[in-house]
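Structure incoming, see below.
Chain lettering (A, B, C and D) follows the sequence in which the chains are written, and residue indices restart at 1 in each chain.
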Amino acid sequence: MQTHVRRIGILTGGGDAPGLNAVIRAVVKSATNAGIECLGLEDSFDGLIFPERSRPLTPRDVTGILRLGGTILGTTNRGNPFAYPISTESGPADYSDRCVDNFRKLGLDALVVIGGDGTLAIAYELHKRGVPMVGVPKTIDNDIVETTMTFGFDTAVEFATGAIDRLHSTAEAHHRVMVVEVMGRYAGWIALYSGIAGGADVVLIPELPYHLDRVAEHIRARERWGARFSIVVAAEGAFSSGGARTVKTEGTTERMERLGGIGETIARELEPLTEKECRHVVLGHLQRGGSPTSYDRVLATRFGSYAVELLLAGQFGVMTALHPPDVVAVPIESVVGRTRTVPADSDVVRTAKHVGICFGD
Amino acid sequence: MQTHVRRIGILTGGGDAPGLNAVIRAVVKSATNAGIECLGLEDSFDGLIFPERSRPLTPRDVTGILRLGGTILGTTNRGNPFAYPISTESGPADYSDRCVDNFRKLGLDALVVIGGDGTLAIAYELHKRGVPMVGVPKTIDNDIVETTMTFGFDTAVEFATGAIDRLHSTAEAHHRVMVVEVMGRYAGWIALYSGIAGGADVVLIPELPYHLDRVAEHIRARERWGARFSIVVAAEGAFSSGGARTVKTEGTTERMERLGGIGETIARELEPLTEKECRHVVLGHLQRGGSPTSYDRVLATRFGSYAVELLLAGQFGVMTALHPPDVVAVPIESVVGRTRTVPADSDVVRTAKHVGICFGD
Amino acid sequence: MQTHVRRIGILTGGGDAPGLNAVIRAVVKSATNAGIECLGLEDSFDGLIFPERSRPLTPRDVTGILRLGGTILGTTNRGNPFAYPISTESGPADYSDRCVDNFRKLGLDALVVIGGDGTLAIAYELHKRGVPMVGVPKTIDNDIVETTMTFGFDTAVEFATGAIDRLHSTAEAHHRVMVVEVMGRYAGWIALYSGIAGGADVVLIPELPYHLDRVAEHIRARERWGARFSIVVAAEGAFSSGGARTVKTEGTTERMERLGGIGETIARELEPLTEKECRHVVLGHLQRGGSPTSYDRVLATRFGSYAVELLLAGQFGVMTALHPPDVVAVPIESVVGRTRTVPADSDVVRTAKHVGICFGD
Amino acid sequence: MQTHVRRIGILTGGGDAPGLNAVIRAVVKSATNAGIECLGLEDSFDGLIFPERSRPLTPRDVTGILRLGGTILGTTNRGNPFAYPISTESGPADYSDRCVDNFRKLGLDALVVIGGDGTLAIAYELHKRGVPMVGVPKTIDNDIVETTMTFGFDTAVEFATGAIDRLHSTAEAHHRVMVVEVMGRYAGWIALYSGIAGGADVVLIPELPYHLDRVAEHIRARERWGARFSIVVAAEGAFSSGGARTVKTEGTTERMERLGGIGETIARELEPLTEKECRHVVLGHLQRGGSPTSYDRVLATRFGSYAVELLLAGQFGVMTALHPPDVVAVPIESVVGRTRTVPADSDVVRTAKHVGICFGD
């Protein structure tokens, strides 16, 4: 299959993450250098469903995008082409047939799909129906299995850490408890890393059940020690009753986003328990945007560049992954439907406990 | 009165603002160089009410604090010593008597009071009862009259602008409307300046009544032009029915802080009007903390240093003010109870309109 | 003259400064909203000398440039069209004739010229020969007279302050003297402001003659006090023998840039005087680039927008200027050939001295 | 040996790196929580040679230092206690005897030594003479073997990347070649990573011999393609004749620091070859200072915390190392005297080439 790839489509799916443009740039530059033409597909799979929503991408088109957040191709959280039944001349179908058809009509030999668990799963279904693909994992939450790290995570942690730094000074000035709600619906990586990096006093994550009265006791102990303020970092999925975290679907995601509220809830409940002013901040969408850190730019560039190596080697149905210090390929099927969570006994959790961070357990 | 000042008390009151420590440092260094002893009073007027909550401040104590947010003296939004009646041996009184007493017991000749409208008003009452004071104005919102600028504002605008920059990329990637709620209960300076600096499409401020349908029309016009996303910056006090803004008291402030919600409200109401996904972010306490910008560090240092010049000149009952390029003194009584709002016809508003920003009017 | 302006040319000249793109954007948006067409002239006056080096500018062309450093029009430090004699069919001439001719051939009614002292002087000569122009002052050094502030300065000070912050920690760890060379050939504003904002111990500027042995004594006094490190900020033009500063021409500028060296010289000379390790850093070109601060973005936008108001009012031969809180117009002829230097008795210098900064005087 | 450690000494040696304070804090907090007393030794081994230069460290002493650059213990590049012969009552000796003596007199059971190759080698010599120690590797250059990453590197790369971002806009505005000299005497990791992250056009590192005429040809090719500027990133040790890099001693280091100049040299030599204006910037000490990135804070905290686990387990003569995702212990003797350089065939070099970066080879 090695020599067949002459023209590829590139798409980005799911929520945006800092580094998407760096991947696109690396794919386009590496592919062009290898004699492969690139077609940008807009707004995730919409660019395959509606072929007029695609455009050629040359090195000139990706000049200067390395340092930009977002994605020049657009994206969407909706748009599973398997989910929407349509009627066609030849009988009922869903949009996935159309994707396969358009893939051929656009003269593509393969897809590079940059997306999370959900997007990769869809692409893999297309792959099984004859659309060769290489995946590039994308998750700010860092919860995709089989890769030590994904781009976007470092930028999000850096922003959250900066936010915790800022809140420290105001918390200390007012002798308050500040609760910071960070991303992490199913995995507490951002909370854990930014909590350690920001010197937080309490970290609450979905993986570790917690009791707010133990959190309150920790805060009171700090008070007795002379520290009249505390910083609590809570992953958005860190509900003490954890039912909501067991099902991971796009729909749930949307609903939880609208519901929100763990930061606010914790602040409200801690106030009587600690007898201190408790305030909360929700970092929300601020964590997604912005210029990627150098770490994420390098990782994203390595992933994009390696995806082209895989195309040239005819290795499909895989995604790029970081196995430090190397970037390798892992089968998509070993990834979809799984979530990489924080192990309770990992050395990072142990580190956090050693330096005095309370997990409420 | 020139030569009497040998020992001063310093306090910070109200919400914290980046630059408070820079003022404290400048006062302590300048005063010490002029042979004046400094006493730091903790947590606003609490340090006068409870004299054990004070400590000497030397240049060594303020080393390294120039770049720190918050205030090493602590602060509080409560604590008007005129507000709490107490009974003493000599009959009923309020804590203000105690402040005047303790001022003398602590051997102080004058106070440097760094605070907002409310804190300065209290200090001025003490001044009238024989406690010589010099004020340094503090308001992130930049709404104190008689000074072109106050420290903290530039840092808040810089942070809000950075937030808008970040939201741009995610809004554009998802073709969304992002609503950013920034500080500004009675005055829209932060919204206006960060809106211009961040290239926002809509700015909503307390001073200019707006109609959301006009905002929606502006967003739809952008869509027709080809821009599939929009950024709305809303000052927290920009309620279209503006009743809440007319009374400015500490209590109201607290209530509004708990209520919150203009950003969320606007996002919810814009969604059906624009038929676009609308999301919101509340910058909240993030705007207060953090290391001050160089602009704020210089302004804070000038204010602190000039306050000591005023002490040496025996000029009391005044506050420092920026009349560019000079720092001058203005009488406290010309300041208290007034709010500097954005004039509808100011050249900054005109500038915003020239570059296409919609105010919903 | 009010109603004649239908089409304008825009150019940027001299060294680049953060905010140039913000001015261009504001001019294009404001002009387009007022029904005026814009033509971008490339690389300063080259775009008038070679009319093929120009291109239309619409709001679409300036989308997203608000936060970018540099200038999308290009610039150059050379290119005074009055300086290069040429022979034409009608006899000897210089390129300035060609500029006037091309101005007409391109169908322009006026120029918006964004540049420093030198660029504005050239534009003003063209103005006297029938090319109506409005200037926007540009100088990172903040040394243009008749305006309190120019864009680019705040960004440069912010970067220099951040650099001083960084050097503090390494200087302190190694008990070293660190000398930071910042921009400022004829005026020490950047050194003075970043020195105050960064908490420097010594500031050396062209305006104030200094003696290195007094600097060394200050450093030794700090050592005795317990501070085993010191930070010296030196403006690049702060030669203790100041001959080089008296003539300000582009040529001198270039030569001095190549010579460099005040930071290195001071570090070398201080080492024996202080008996401490002395190191130096030259910030150089790092101060020019980068995204403008919010302050500079707002100021640049106000200047650009006001330039269009002036065009519409038919007010030519002037430049925009900040007279806080207003933006106003001042005649170009009151500006050219003059330099705004730091007054020895200004309150900012006094402030610096109050907080213990040594000027070596 | 498990239960013997009741009191430890902590020291930092060699050049400072962002994250040193985070390690100190993690050691002190983790040790205190485990019932171990901590003594801070000042200025590397000076604190053992002169026992009065030590002080107890409690959690209170390390509050707030997580985000500070530098080291609260001080450091020095000199001070190998084996290098300075002294005469004592019992005959000739060097200071290392004194270190062993004082280690006992101070009642210490073990040392935590945070330093580079050189510092760890010295500590290991003491270890062999009965001073149990655990090492924490420190090198901004990331050139210590047996660990994938060291703290400080990410912060340096982030700063260098930001610098390249800034220089991009000024290079583009002026159509110049900008040469950025970054750290890396023996290994080009910083140049390689910041070059990829910053979108540099050329990267020159000690490991890959280069020819400036090939660099010039690359720049000219870019010009023909329409890119009128280029960014060259050069590691300070990237001399095309590489003799100087073969010997790595503290002395050489000092000499090379004084010599400097690869950035300047390349800029000067490229100017005639490219016929373009070439400018250079030396990042120098700016790369050392500053608040560590969140990545470095987490890594440093993990290292410090794990060092205490090793103390408790009685595992000495080892250093902490990152073998992602784990932190492990590796024998010091497998580390000293070796340098981890960039392999010419590593996937990061390949990535760089894929995206068009020229190495001049």
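Keep in mind that, in the parts below, contacts are C-beta pairs under 8 Å (C-beta built on N, C-alpha and C of every residue); 3 or more make two chains touch, one makes a residue touch a chain.
Just so we're clear, the structure is a prediction, and the values are computed from it rather than from any experiment.
> Can you list every chain that touches subunit A and also touches subunit B?
Under the touch definition, subunit A and subunit B have no mutual neighbours whatsoever.
> By label order, what chains touch subunit A and subunit D together?
Both-contact set = empty.
> Quick one: point me to the chain whose Cα centre is farthest from that of subunit A.
If we average the C-alpha coordinates per chain, C ends up farthest from subunit A.
> Please report how many Å separate the Cα centroid of subunit C from that of subunit D, as a whole number.
Between these chains, centre-to-centre, one finds 36 Å.
> Rounded to a whole Å, what is the gap between the Cα centroids of subunit A and subunit C?
The mean C-alpha positions of subunit A and subunit C differ by 42 Å.
> So what's the Cα centroid distance for subunit B and subunit C, whole Å?
So the centre of subunit B lies 31 Å away from the centre of subunit C.
> By residue number and range, which residues of subunit C touch two or more other chains?
165 - these are the residues of subunit C that touch more than one other chain.
> Where do chains touch, given as pairs?
A-B, A-D, B-C, C-D
> Which residues of subunit B touch subunit A in their complex?
12, 15-16, 18, 20, 43, 68-71, 74-77, 159, 162-163, 165-175, 178, 279, 281-282, 284-286, 288-290
> For subunit B, which residues are in contact with subunit C within the complex?
Residue positions touching the partner: 25-26, 29-30, 33, 59-60, 63-64, 66-67, 148, 154, 157-158, 160-161, 165, 193-194, 196-199, 226-227, 293-295, 297-298, 301-302, 305-306, 308-309, 324-327, 346-348, 350-351, 354-356.
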